[in-house]
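Below is one structure, written out as structure tokens, with a few remarks after it.
For reference, chains read A, B, C and D in written order, and residue numbers begin at 1 within each chain.
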Amino acid sequence: MSDLSDLQQKVIAYRDARDWKQFHNPKDLAISLLSEATELLDEFKWKTPDEIAEHLKTSRESVVDEVMDVLHNVLLIAHELDIDIPKEFERKMRKNEARYPVDKARGKHRKYSEL
Amino acid sequence: MSDLSDLQQKVIAYRDARDWKQFHNPKDLAISLLSEATELLDEFKWKTPDEIAEHLKTSRESVVDEVMDVLHNVLLIAHELDIDIPKEFERKMRKNEARYPVDKARGKHRKYSEL
Amino acid sequence: MSDLSDLQQKVIAYRDARDWKQFHNPKDLAISLLSEATELLDEFKWKTPDEIAEHLKTSRESVVDEVMDVLHNVLLIAHELDIDIPKEFERKMRKNEARYPVDKARGKHRKYSEL
Amino acid sequence: MSDLSDLQQKVIAYRDARDWKQFHNPKDLAISLLSEATELLDEFKWKTPDEIAEHLKTSRESVVDEVMDVLHNVLLIAHELDIDIPKEFERKMRKNEARYPVDKARGKHRKYSEL
């Protein structure tokens, strides 16, 4: 059983029950995804590493909610663009491995163009 | 076989081969996710609906790449925060359904606080 | 009388009255700026051009608020980084002009690397 | 002489020389602003406070460039929306002061709704 397909089916059923497909053009879907990513980042804004660790204990659900909102939006866009996730993820992974070869990238956080 | 776990294992293997866990605090992981979401949005910037449809034909791979980069980052954060994705996704879905009841939200793109 | 300096003085006085300088490292300042930019974009999310025109009439103040919040954050960062705005703006303008020469960029929305 | 008006005149002259007003609807202008804000944030991604301090010395121009790109976009949007910046900035400042009263907000980085 593929759990990715299962999640995507839930996302689509949720959308269709609300008749929202009419709003889901690529630009606004990407804005929505971006907006959720910002809400996740806002959870950590102004906080020190210690405060973030504390926040992850006391407000774990709100952080997890934001991660799930981002995932929801990714799965929705992937469905709209008819992306075969396992296949394309694998393809992109190989591209990443070529861009960040282990011997050059190991222990460095630089962009591939600066390695 | 769970394909979500499979993708996450690939993300972690990729990270560990490069010794990048040391950089992966929640704040920078969220920045990285945000940054990829912006790259996806940039694919559609200044373009009309027709130009976007054309772009999705002529430059499909670069758009798909950005979606996969976002997914990569979501899976990485979910792993770091030790999130049980299927369970938490289901929980958030029920929260969304309560916020956007079908009878109120149907055919509208307003925020739940304005329904 | 420079109105840029005037606005920046207000931003700094506001910050100092609240003893917030302690939180204003470059990374979190940039996150805060990004967060405000997303709130501005959210004002237009899912809306058609007609709906946006209507929104700018009926909810003008909330849109203007977001633009001012972004400006507030830019002026704050520029102050923290000790940027001479008129001088650096002029310098960057010349860089933009070189990247987007009028004869190549006229009437096109492509990135300079694709002109 | 108002330096804000001076900068805005340069932004508009730059735009008009390239015949770009046709692309400048509110949604895409806000996306462009967001995109520049992300580029600024990317300058600090994965970096420790020490690495950021070092980066601000060795790569100061690229950081300043990003701040100026954000400012450029804010001034452009403010012009498009016909915003009287000094007046609206002052108005928003008073709103901020009401939301973050000195006695409650002093030394805290919480959102106004959590003070």
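What to note about this one:
In this section, a residue touches a chain if its C-beta (ideal position, glycine included) is under 8 Å from a C-beta of that chain, and two chains touch if they have at least 3 such contacts.
All values reported here derive from a predicted model rather than from experimental measurement.
The chain pair A-B and the chain pair B-D differ in C-beta contact count, and the higher one is A-B. Same-residue interface: chain B and chain C share over half of the residue numbers found at their contact.
Centre-to-centre spacing of chain A and chain B amounts to 2 Å, using the average Cα coordinate of each chain. Centroids of chain B and chain D (each the mean of its C-alpha atoms) stand 26 Å apart. The set of chain B residues touching two or more other chains comprises 23, 27, 31, 34, 38, 41, 44-47, 109. Interface residues of chain A facing chain C in the complex, by the touch rule stated above, are 23, 28, 31-32, 34-35, 38, 41-42, 44-46. Residues 27, 31, 34, 45-47, 109 of chain D touch chain A in their complex.
Across the complex, chain B is touched by residues 1-7, 10, 14, 17-20, 22-23, 25-27, 30-31, 33-34, 37-38, 40-41, 43-44, 47, 49, 52, 56, 63-65, 67-72, 74, 77-78, 81, 83, 85-86, 88-93, 95-97, 100, 102, 105-107, 109 of chain A.
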